[in-house]
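Read through the structures below before going on.
There are two complexes below, and they share chain A, which is joined by chain B in the first and by chain C in the second.
Let's turn to the complex of A and B:
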C-alpha cells in the first residue's frame, strides 16, 4: 500500500514558536514510527519563511542553536495552492511534492488561530484538527466563553475590553472591573501557554497586569477566580463521535496557576499518580484527577459540551475550573492544539502516540470527505442579465 | 511577576516580610535567580525585590544600546512603577557598578549599600581591550573559511578564555562594550552612605585590589574578604553573606 504523504507544519511567527517545535517533532516521530506515512516537516521560522528538509526532523538541530546556520544555507520553499497542496523546492530543477494530508502543529498566532487553516481550506486539502471558525473562536478566550455561556455552560464572571480602550479611558475600564471580586486573573485573549497571565489581588496590581497583557495583545480579559478550586483539563479527540482521555489535574504552583515556566520550562521530571515520569508541557499533574465520581463525570460532560459548542473537530483540550465545595464545573479555556497533543495523557488512557496520530489523520480525511459532499458551487443564469 | 517599565516587559520577584526593603541587582549575563539562596536566608526579616535587568533572564532586551546611566534610569523607573523605596541596595559584579552609578546620579537613594564582588574599576582596561581587539582580528583572519556557526562557537570560546563577558549575551554586545568602559571610581568617591564590601580573595573575575580601592574610595566602608575562588560568592557562601548583610543592615 502506498504511504500517505503527511506534512507537519510547525514554528511560525508566534510567542509559542519554541513549544510548537517540540509538538511538531513529536508528531513527526509518531508518524514515522507508524510506518504508514511519509512525513514531511515544514518549519516556519520567526520571520515567516517556510522551509522543508529532512534535517528539520531532528530536535538537536533546534536545541543546539545550529538552526540559524542551517537555514542560511537553505532556500525557502514555495507552496502551490490549487485543488490540493504542493511544495516546491527552489533550485535549478524545481521539485514538486504532492501533500495528501496536513498536520498543523503551530501554537498561538499565525497558525493555531485559524489563519493556517484558512490556507488549507483554500487548498481543499484534508488537515488535522479544528477548522477556521472553531480555531478562531478557541483562540479568543472571551469569544469562547460568550459562546459557551450561550449554550448554558457555566463560566466564571469576566469582563473583556480592547487595549486601546484601556489606554484611552483607563478610569472607565477600572469602573467596569469593579463588578468583579478579587483575586482576579488578567489574560491576553489570544495567547496560549499562560504567557503574560497575572493573578492580582488589588487595583494597583490590576493596572500593572493589564499593561503587561496589553504589551502582548490588543484584547484583554479579566476573570474572577473560582473558590475551592480544582483545576482540570480534558483532552478530546473526534469529529461527531468523541473520545475522551483522562481528566487531568495540574498541580498548582505557589502562584496558584499554571504559568508558562511551569508548563514548559520547569516541567521536567514530574511524577503522575500512575507513577510514570512525565516531562514537558504537562508539568506536575494527577492522572486521573482526584475527584468524586459525580464531579468527574460532570467535568467530562462539560468538556464535551464545550467541544461541541465551539464546533471543534479532530482534537482539542478543554480546561475547566471546579468549585469543589459548590460542586460546580466552570469552563475556563479551550486549546485547539494541545502541546505535544497531550500524548502523555492519551498514553495513560491506553492510546499510544502512534495510534493517536493515525486516528487524527483518519479523522482529517473523514472530515474532508464529508465536506466534499456539500454543494458549494452551482450554475445560475445570474450573469446573463448583464 | 511581570510589569511594563519603559515599554519593556520586566520580570521581578517581591518576597519576604517586614518594613525593610532590599533591592538586589545582578551582574552581566546573570538573572534574579542568582540570588535565590540569599533571598531565602534574608526573607524572614526583610522584604526583598529582585529583578531581571533588561536583556537578561525573562526581561525583554533594551530597544537601543544602553550604558550604566540608561540602566540607572531604568531601575529608578522600575521602583517608581511599583511604588517601592528600597532601604538597602545590593549589587553583585556589574550590578554593583550599576548601584554605585545609580546612587551617584541620584536615581536611587537607599540608606545602605552592599557591594558583592563589584566591578566598575576599569583601570588597565585599555591594555586588555587592545589585546582583545588584536586577538579578535587575528581570529577573524584565520577563521574566515569556517562555517558561521563554528566561527561563532570559536569566538565565544576565545572571549571566554581571555576573561571577557562580551559574548555571554551576543545580542547585547554593543551595550556590553559601553557598560564595561564606564569607570565608576569617581561615583564611588561621591558616595556618602554606610557601605559593606564583600569580595572573594581569589575571585577570577575581580582582583582583590579592586576591593581595597573601593574601600579607600567609599568613606567609612567596611570590607569583608572571604576565602573563595568563586566570583559568585553569594552562591558559594549564601549563609555567610546573608549573615554579614543582616548584621550590617540591622
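Let's turn to the complex of A and C:
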C-alpha cells in the first residue's frame, strides 16, 4: 500500500514557537512509527521563512542550538498552491513534492489562529484539526466565551477591550472593570500556553498586569476567578462523532494558576498522580481528575457542548473551571491544538500516540471529502452585463 | 553506490571488528554474516563496537594490514606509470581493489591459530582441574539440562534451596565446560548444593559435561528444536540431553512432562513435573495474573499454598519440581513457601513491567518454539483492553525453520491478540502462513525497523494494553 505524504508544519512567528517544535516533532515521530505515512517536516522559523529537510525531524538540532547554523546552509522552500499543495525545493533542479495531508502543529499566532488553515483551504488540501472560523474563534478568548454563552454554556464574568483603548482612555477601562470582583485574571486574548497571564488581587496590580498583556496582544480580557476552584481540561477528538480522553486536573502552583513555566519548564520529571514519570504540563496533573461522578459527567458534557458551539473538528482541548461547592462548570478557554496533542492523556485513556495521529489524519480526510460534496462555484450571467 | 564504496572507507575495519566481537570472535558465524551482508554501513545498527583492548588490537591489525596492501598496490601502480610496464598495473590494481575482501577473510587466521594453539590448550587444562574439584566436592550436585528453560530452572532452584542450604550455582547462562571450570575454581568447599547448567550446542556436549561435573541429581527442562544446525535432528539432541540420566539414579531425575517432545525419552523411575504437579504432588487452584502465579501444591495429607512472581501456567511445573527437590533435601514447608515467594522473573524472560498504563511482558530472550507456546498461552489467558503480540521469529531452527515458524503463527493466532507485529525478516512469511491457517482476524503489522519499534514502544502502547514481546534478534541475525 502506498504511503500518504503528510506534511507537519511547525514553528512559525509566534510566542509559542518553541512549544510548537516539540509538538511538531512528536507528531512526526508518531507518523513515522505508524509505518503508514511519509512524513515531511516543514519548519517556519521566527522570521517566517519556510524550510523542509529530514534533519528537521531531530529535536537535537533545535535543543543543541545548531538550528541557526543549519538553516543558514538551507534554502527556504516555496509552496505551490493550486488544487492541492506542492512543496518546491529550490536549487539547480527544483524538486516538487506532492503533499496529501497537512498536519498543522503551529501554536498561537500565524498558525493556530486560523491563518495557516486559510492557506490550506485555498489549496483545497485535507488538513488535521479545526478549520478557519473555529480556529479563529478558539484563539480569541473573548469571542469564544461570547459564542459559548450564546449557546447556554456558563462562563465566569469578564470584560474585554483593545490595548489601544486602554492606552488612550485608561480611566474608562478601569471604571468598566469595577463591575468585576477581585481576584481577577488578566490575559492576552489570542495567546495560549499561559503566556503573559496574571492573577491580580487589587487595582494596583491590575494596571501592571494589563500593561504586560498589552505587550503581547492588542486585545485583552479580564475575568473573575471562580470560587472553590477545580481547574480541569478535556481533550476531544472527532468531527461529528466525538471521543473524549480523560478529564485531567492540572495541579496549580503556589500562585494558584498554571503559568508557562509550570506547564513547560518546571514540570519536567515530576511524577503524576498515576505514578508515571512525565514531562511538561502533565507532570502536575491528576489523571483522571478527582471529581464526584456527576461533576465529572457535567465537565465532559460541557466540554462537548463547547466543542460543538465553536464548530471544532479533528482535535481540541477544552479548559473548564469548576466551582466545587456550587457544583457549577464554567467554560474557560479552548485550545484548538493541544501541546503535543495531549498524547499523555490519550495514552492513559487507552489510545496510543501512533493510533491518535493515524485517527487524526483519517478525520482530516473525512472532513475534506465531505467538504468536496459542497457546491462552491456555479455559472452566472453576471459578467455579460459589462 | 555509497554502500559499495563503504568497504574502502576507514570505517570498514571498524564494522568488521564489530562483526567479530558480536560473534564472539568465532570464525563460522562471522563468515556466515560476512558473506550474506551487502551493506556494511548498516551492520552496527543496534549496537556499536565496544573498544576493548582486544578489539582495539584487532582493529589496529586490520587497519595496518589493509593500509599495507593498499600502499603496496599504489607503489605498483606508480611503478607502472613510471616504467610504462603493464605488469606493474596488473599487480597493483587487483591489490587496491581486493584489499577489503582479502583482509575481511585474513583476519580470522590469527584468531583461529590463537584459539587452536593458545586458548584451547589452556582451557582444557582448567577443565581437567575442575573435574577433580567436582569429584572431591561432597555437595549435592544438580545438573540442569534441556533445550530451553534451563536458566529459569537453575535460578528457581537456587532461590528456593537457598532458604535452607548453602547453595552455589553457575552464573547467568554461563553453561559450557570452561565456565563450569571457572565456577569450580570459585567454590569454597563448604557448599551443600551445587547447581550446574548445561548448555548443549553440539552432539556429545552433555556426555562431556556429565563426566566432568559428576551430578547426583538431574533436571531435564524440555526438548525442542534448538541448535539443529549442529545436532541435525531432534532425536540426536534428545539422546545427548538424556545421556545425563545415565549417570544419575533414576529417582533423582526430574523431567518436564509438559514437553511433548521429551516424553518418549522419560525412563522408568524418573519423576515427571508439569502443570499438573510434580511426582505425587498435584497442583490445584492455579491462578495466573499479569504479575504473579499462584497455586496449591497438595498430596494426600499436606498442602502448600505457593505464590511466585514468575508468570504463566508453564511455570507451575518448574515451581512444583523445585518444591519437590527442596522437600527431598529436607527443607521445611515454611522455607519452601518463602523460597517460592522469592522467585521472580529474570531480565527479558517473561518479565512484566508497566509502561504508562500498559503492561509489557518482556520475553525477548525466549528463543524456542515451546517458549513461544507458553508466552502465547499466557497472552490468551490474561485480560486486557487490547492485546499486542510482537516477535521477529526464531533463529537457528535448522531444516525445520519453515515448519516451526508456521507453528509459531498458529500459536499466535490461537492467543487471539488484537494486533500482531512481526519484524520483517526471512521468517515473516512462514509466521504469516501460520496466522492465516489458524484464521487470525486481528491487525497484522510488519515492522521494518525493529530498533525504532522497541525504543519507541511507549508510542504504540496505551493504558489497558498488554504487550507480549517474544525473542529479539541481534545484528548478526537481523
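The definition used in the following text is that the second predicted complex is superposed on the first by the 384 of 386 C-alpha atoms of A that agree within 3 Å, B and C clash if a C-alpha of one lies under 4 Å from a C-alpha of the other, contacts with A are read in each partner's own complex, and residues count from 1 in each chain.
Basically, contacts are C-beta pairs under 8 Å (C-beta built on N, C-alpha and C of every residue); 3 or more make two chains touch, one makes a residue touch a chain.
These numbers were taken from a predicted model, which means no experiment stands behind them.
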item	value
Which superposed partner A:131 touches (first chain B, second chain C, both, neither)	neither
Touched partner set for A:196, first chain B, second chain C, both or neither	first
Touching partner for A:204 - first (chain B), second (chain C), both, neither	first
First (chain B), second (chain C), both or neither touched by A:72	first
First (chain B), second (chain C), both or neither touched by A:100	neither
Contacts of A:354 with chain B and chain C, given as first, second, both or neither	second
Which superposed partner A:217 touches (first chain B, second chain C, both, neither)	neither
Sites on chain A touched by chain C in the complex	29-30, 32-33, 35, 274, 276, 344, 346-355
Contact footprint of chain A on chain B as seen in their complex	1-4, 9, 58, 81-83, 147-149
Complex contact set, residues of chain A against chain B	65-66, 68-69, 72, 196, 198, 204, 208-209, 211-212, 215-216, 261
Interfacial residue positions of chain C with respect to chain A in the complex	354, 356-358, 385-386, 445-448, 452-453, 456, 458-465
